[in-house]
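First chain written, first letter: the chains are A, B, C, D and E, and each begins at residue 1.
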Amino acid sequence: MTQNAQDRSIDPATRIMLKQAEKEGIETAWDRYEKQQPQCSFGQLGICCRNCNMGPCRIDPFGEGADKGVCGATADIIVARNLLRTIAAGAAAHSDHARDAVLTFKKMSEGKAGSYCIKDEAKLIALASEYGIPVEDRSREEIASELARALLEEFGKQEGPIRFTQRAPEARLKLWAELGIEPRGIDREIVECMHRTHMGVDNDATHILLHGLRTSLSDGWGGSMIATDVQDVLFGTPEPKKTTVNLGVLTRDKVNVIVHGHEPILSEMIVEAAEAPELLALAKEKGAEGINVAGICCTGNETLMRHGTPIAGTFLQQELAVITGAVEAMVVDVQCVMPALGALTGCYHTKFISTSPKADFPGTVRMEFHEENACETAKEIVRTAVENFPNRDPGKVRIPEEKQECMVGFSVEAILKALGGTPAPLIDAITGGAVKGIGAVVGCNNVKVKHNYGHVNLVKELIKNNVLVVTTGCNAIACAEAGLLMPEAAAQAGDGLKGICEALGIPPVLHMGSCVDISRILVLASAVAKTLGVDISDLPAAGAAPEWMSEKAVSIGAYVVSSGVYTVLGTVPQVLGSAAVAGLLTEGLNGVVGASFAVEPDPFKAADLMLAHIEEKRKALGLEP
Amino acid sequence: MEEKNPQPTICPYCSLGCGFYLKLEAGKAAGIRYMPEHPVNEGSLCPKGNTVLEVLNHPDRLKYPLKKTETGWERIEWEEALDLAAAKLKGSLEEYGPDSLAFLGSAKCSNEENYIFQKIARLLGTNNVDNCARLCHASTLTGLGKTLGTGAMTNPISDLACSECIFVIGSNFAENHPAVSRRVLEAKEKGAFVIVADPRMTPTSWLADLSLRLVPGTDVALLNGMMHVIVSEGLVDREFARERTKGFAELENVLQRYDPETVSRITGIPSAEIIKAARAYARAGTAAIVYSMGITQHISGTDNVTACADLALICGHIGKKGAGILPLRGQNNVQGACDMGALSEFFPGYGKVGDPEAAGRMQALWGAKKLPESPGLTATEIVGAAGKGKIKTLYVMGEDLVNSHPDSSRVKQALENLDFLVVQDIFMNDTAEYADLVLPAASFAEKEGSFTSTERRVQWLEPALMPPGEARADLEILFRLAEKLGLDFPYRDAGEVLEEISAAVPAYGGIAKERLKKDFGLIWPCPDAGHTGTPVLHTDSFMTPDGLARLVPVEHRSPAETPGPDYPFLLTTGRTVLHYNAGSMSRRCKSLLKREAELYVEIHPADARTMEIREGNKLVLESRRGSTKATARLTERVSPGVLFLPFHFPGTNVLTADALDREAKIPEFKVSACRIRRG
Amino acid sequence: MKEVMVRPERCMGCRSCEIACAVEHSESKDLFAAVMEKPTPQKRIYVEYVPEYNAAIPMTCRHCEEAPCTTVCPTKALKQDEITRVVTHNSDLCIGCWTCSMVCNYGVIGRQKEARVAVKCNLCPNRDIPACVEACPTNALVFIEVKKLAGVKRTEAALKLARGMQGKAL
Amino acid sequence: MKESTRMLVPEEEKCIGCRACTSACPEKLITFSEEGNMRSISFPANCGTGCELCELCELCALACPENAISFIFPEGESENVEKQTLDFELVSCQKCGTPFATIRELEKVRTAISEKVPLPPKGDFWVELCPGCRQEVFRERQAEALIRERTV
Amino acid sequence: MPKAVYADLSRCIACHACELACERENENSRISLQVVRDLAAVPVSCRQCETPLCAVVCPGEALNYGDSGLEYDSEKCTGCRLCVLACPFGTAELRAGVMERCDLCQGKETPACVATCPAGALFCAEAESIGGNIRARRAERIKKALASPASAGRRVNR
């Protein structure tokens, strides 16, 4: 039974494009999902193991068949091992992203990447101080160079916790130390995951999971946090600004260049290149009014936060953007890029340009990108797009009208600035009860959930109940598409929150950046906790990932929970084949890290869970209900 | 006696040689424990084996030597009994010459006993020594002898499990050799195709993928018909026929006449089924032929067996695992009795009587001056000669001629005609009633010795019990008799006799008591002490002088007696699962009798309807030779016009004819004409 | 009548049918909930591994004509619908004598541990297509009338033949 | 002296005619007989002083599945109790026609079974067959499929 | 889990060995074999039901369903014969005043009827394992049939 567009998304633009796809006989992720039905139950329950070649092994979840793999691994062990590998992959993705950012930063400081410079000197000085790097009487480049080396060392650090963990409240640090899960070098933790899950190494579910938490912390307080901060130094710390989102941002008369993936390093240059006069002239020559750069996924979020570049859509809209027939170039770097784009762009004039040395796809034009000649490569890419404009078939172009204005750019610094330089007003609002707490809603899209349905409804429920929502990644884009990132959205908030938002002129949902920028949420939470003199787990705060799908999300979930934030997942993780592991994640962890997971596909019920949690924490802090 | 409890033993009934344990209590056999480790039966036992305690502990067991007097049986001392027997034998010898003596050995006695028995006969100067193999598988010796060079089962029973096709003809193993079923079923599990050719529908037919119900006595036609199909469809194993056989051209020539349509008319089997059977047998990678007395007990018995051998040979289904020809023999030591030369035409080890070299070998071994040169009388001929007064003294060891030979009335007459009859047995059987002297023998569990099963497996039997009363092991009786006869035998026990056997019988060259006691015996040929036995015969060459098998064409012949207006029914005889042969043991088991108490006759319901016969009616059956009573059993197991009588009860063989196969001298138990009326 | 027909050559042994069956016959009919249920939901289809061929075959009730299991059931716990031929089992009537299991030629009558009664395929009365068929990723299980299966196979065979002929022509 | 004032009293309403008491009585004082489709169970006469030698062991009462036998003191003077005979109608096997159980026995069995396994009240039901025929029917049904296969 | 004696009827050859083995071990045979219409033999013995109706009707608690299946205490049997009337298979019998039933030759590794069966038709198993064995055999047969379509001509001898 094929779903119709109405069942697939709540977003009008998306629905229009889905119908268009159907009309053109174009296959999308939703169609492929249907062809995958039914999905393997063993996989869904996490009870198949391919870690060695005695396997693959699987456990009968109903206890009639095999209860152990060839090596003797039980469902508990297999589920835990699989989960640890997932966390490792997620942590690796964020951290490898971070490594590239630091390497660019280093080359910049050594003068080898002329296209880049230091955009936020204050943040550079602050970071240098955190690392104890002398700043007096030194050039910015000297400081940057030393900082870059120090940051690089975090990846290979063999002993002692990574530096940024110091940003966490005292109590949390102590707890991690007691549990033996303070993260050491990022690479080390990830390598250790792979070692532990190798045949015949770590075979105690709890023991395995503890290392999972440790690895995830090396992501949240390591890889992700480094990526955010270095990118702020290089490209500027985001500040509030307005822009537009959704497929309607693509323009009929301009050359449309989409930047998709997760890194800002190239996209920054492309945004710049799109303004180069010679390219604009070329565009005119080719019959276009100009050059329009738009983002998808977190590359989009990065340029959006810093430049207000419009965003064409969320993860699940990447194919739909191509189907508009108006995209001259789909430029991708890493993560969340569907290989389906290769075949899809083949049906249109769109050039599918892969740029990362790490990531290639079928059907791409390969234009490998290196910091040394960033600007040139960016221009070359834009030129390719412009030259492709005449190939566009106007008859095939179908761009939905829908686009939505939004206010973005709420870095921690920007939020504090909005609050008047200190978190105190926010804390007062919370203690006073005008704001009940903070909800961090993040994560991807997933075809298992109606597109944006989970994101938008959960967030709406939270703000309605006076919970200030901070958001990143595809949730942020979803909220933007639903108009929740406008100060006017305060009207949909409860009275208390509405009052605050109106007073400060901010939306009730604050866009804090890309998915690596969830580190900003950790920093914000730590700041609030420190001000209150409590641990993060004591805060009236809760997290959610209503439509998560990627391995990164698993790592994020794990570090958020390990940091003390109760987190509700909207899609079922592949762990239910082990009652022990599932129990540990949803119950047991409370006694370990003071927070746990919950699984609730219904966004309204998920909101209830979060609200109940916030209420409970408020009560524990002695705050007004 | 070695003290073991439970004591391993071997079943005394059929030829499979199944093992089990006897549980002993206070010197009595008190129970049975199964022997899952035994390679033949894997722990299983048929109903008769299960009730063997009833035989061992039966009050009717003969306990003392008995002499017939005018007033009846008189218990006498062993000395007197043996003196009497010796005196009568010597008297007859002196008065009428050695050929006035006759000796019937026993397929139920050990190899050692049969060896000594025939040695006594031959040293007394006569080859008139035979055993009941004459009545069951003599045609196997002649038929397989002339084609393959030796008349024995080519492969062990367990081989059947790896056959891809099993062709069963004239064998109802499900009832008569039940443990064979497990191997056939094992093969079926692996996908084997089973063909059963039998005039009756038996539990063996239940296991068939293709069941061929042929008219009794038309086996050669069926086999030739199958060969015709195999030749005409090019399914012959040409390489095998060329390299390892002689006479294909002559065979091919004869087969031409046996096209499926012709054969269908003779056998009553649809031609399509003949073709199907032929293809299934020929195409299989390994195929075995299993046959029994349905093949052998005909005037064409030798021809039937020959045709079986021809079929196997042209398809190359011989000389390898899972293939071969498996004649399922009757008695527990019928193979051994033959190997030991308890046969009128063979010395121990099948040296032909009349062959000076064979005789010379025996003479040398026995230190005898001269052995008789001409073949003696066969079991069937002995009865005839006795009737004519040519045989004066008959010594019967463990056999019931009256019930097991055809034409019982004539047998009784012959026995009455004798000057002196000695019967040595464990029970007072119907033959013993005619004896002048009855000697009480020990049963299987009360003596030691070697027994050779149908698959040529020689096993050692150890005594578990003391014989009842004064009953003695047959071997011991024979030793003492020989002494009385002035024969100087050096042996003290069976083990020592076996030593001489291993010198006399080449196939037993490496067989010795101690070796047999281990690992469930040895399968002969086992020519020397280092040899581990030969489960599969004819792997490289046949036992003919040039090593090549002979393809011998045979033609279909009608049975000696066919139904006609006076005797409209075709009577066939056979065995049932609950009883055994002449019944002297099984008819003494209450639990078996409870289930099968009396002689019955199987009659097709259609025939019964025309004759207004109902289930359970008492019927009188009449043949040209006599009449007998039996209870009617209406069943479609027999075809219309055919009657079946089990031969376990007195009466059956009153009806059967003594028409003999020319070569094997086996009587045609399987076909005679008869009529019935309500009794 | 439609039947669950098996095309053994397509079975990859993934056991998806088994799980789907157990889930369909659970209280919740939801995988994630079913794995936690007590009594444990039980499957009625069995993927049988054949070592000799290193292959798997799904085995499920054939709903035989004059089904032996129904004839031998003393309490009529097993019943066959005269028109649809579907054999159903009423566990209230089951006395656990296992004669059905003994006479079943396919060995597809299982035992419910807690209630000690038989469990067998009921062709998912609440569904259009039985759960096992729907779950099969390779269409080794099809829900089809026997006649039609022959048609499908004919088409496939014809296609193979045509391809072969083409190959030869080239 | 023997305690002879109590007497064996069978209750006709309760007794199902199962004969457990007949095999329980060590003195074989309780007997049964069957004729046609009737079964009779005879209990001993009791004169109050043990004229039929009832030892009052009460084994019969213990054996009775229906508690239909009691040992009581007769009202008033100890009076003579005549030999008592209870008659029961027998049910004939639906297949072979042999009477095999009393109506009450079968009722009792049917009720007890129905509490555990809700069976239909009548019809194709083994309770109406004698044990021998049950076995035969059961056997035939098991053989049915195999016979079908073997007839082909 | 309780076991019982089952039969693979396609293997049974009507030899009655089961009866005679049982009779030897237990004085009376508790298994009974008959041939049906000359075409099949069926041994019948106690089914060891898991909801045993004999126990349901037993007034004296002589028959009980316990952890090891149907348990029988002949000491408690009053000989009322209700079990005989309840048993759907006609296998419950009264002998010497008390019920007699197959106890699977308690104390022996294998019941005598099973151990003696020449055709390997009888087996003693837990109910759950019966299906598995039949399935395995059937699956193998199907696979074999698929793997080797009838070949024409001689097969190469292995």
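As a working rule, a contact is a pair of C-beta atoms (placed from the backbone, for glycine too) under 8 Å apart; a residue touches a chain by one contact, two chains touch by 3 or more.
Nothing here was measured: the structure is a model prediction, and the numbers come from that model.
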Touching subunit B and subunit D alike are E
Common contacts of subunit C and subunit E? D
Measuring between Cα centroids, what's the chain most distant from subunit D? A
By mean C-alpha position, what chain is farthest away from subunit C? B
So which chain ends up closest to the centre of the protein, judged by Cα positions averaged per chain? C
List the centre-to-centre spacing of subunit A and subunit E in whole Å, with centres computed as mean CA coordinates. 65
Go ahead and note the Å separation of the Cα centroids belonging to subunit C and subunit D. 48
Compute the distance, rounded to whole Å, between the mean C-alpha positions of subunit A and subunit D. 83
Give, as an integer number of Å, the spacing between the C-alpha centres of subunit B and subunit A. 90
Can you list the subunit D residues in contact with two or more other chains? 117, 126, 138, 142, 150
Among the residues of subunit C, which ones contact at least 2 other chains? 74-75, 94-95, 99, 102-103, 105
Would you mind listing the residues of subunit E that make contact with two or more other chains? 9, 39-41, 51, 53, 88-89, 137, 144
Provide the residue numbers of subunit D that touch subunit E in the complex, in ascending order. 18-20, 23-24, 62-66, 101, 105-106, 108-109, 112-113, 115-117, 126-127, 129-136, 138-140, 142-143, 146-147, 149-151
Within their complex, subunit E touches subunit B through residues 11, 13-17, 19-21, 23-24, 38-41, 110, 112, 115-120, 137, 141, 144, 151, 153-158
Any idea which subunit A residues touch subunit C in the complex? 38, 40-42, 44-45, 58, 60-65, 572, 576-577, 579
Partner subunit E, residues of subunit C touching it in the complex: 8-9, 46, 48-50, 52-53, 55, 57, 59, 74-75, 94-99, 101-111, 113, 116-117
Inside the complex, what are the residues of subunit E that reach subunit D? 9-10, 32, 34, 36-37, 39-42, 44, 51, 53, 56-57, 59-60, 78-82, 84-93, 97
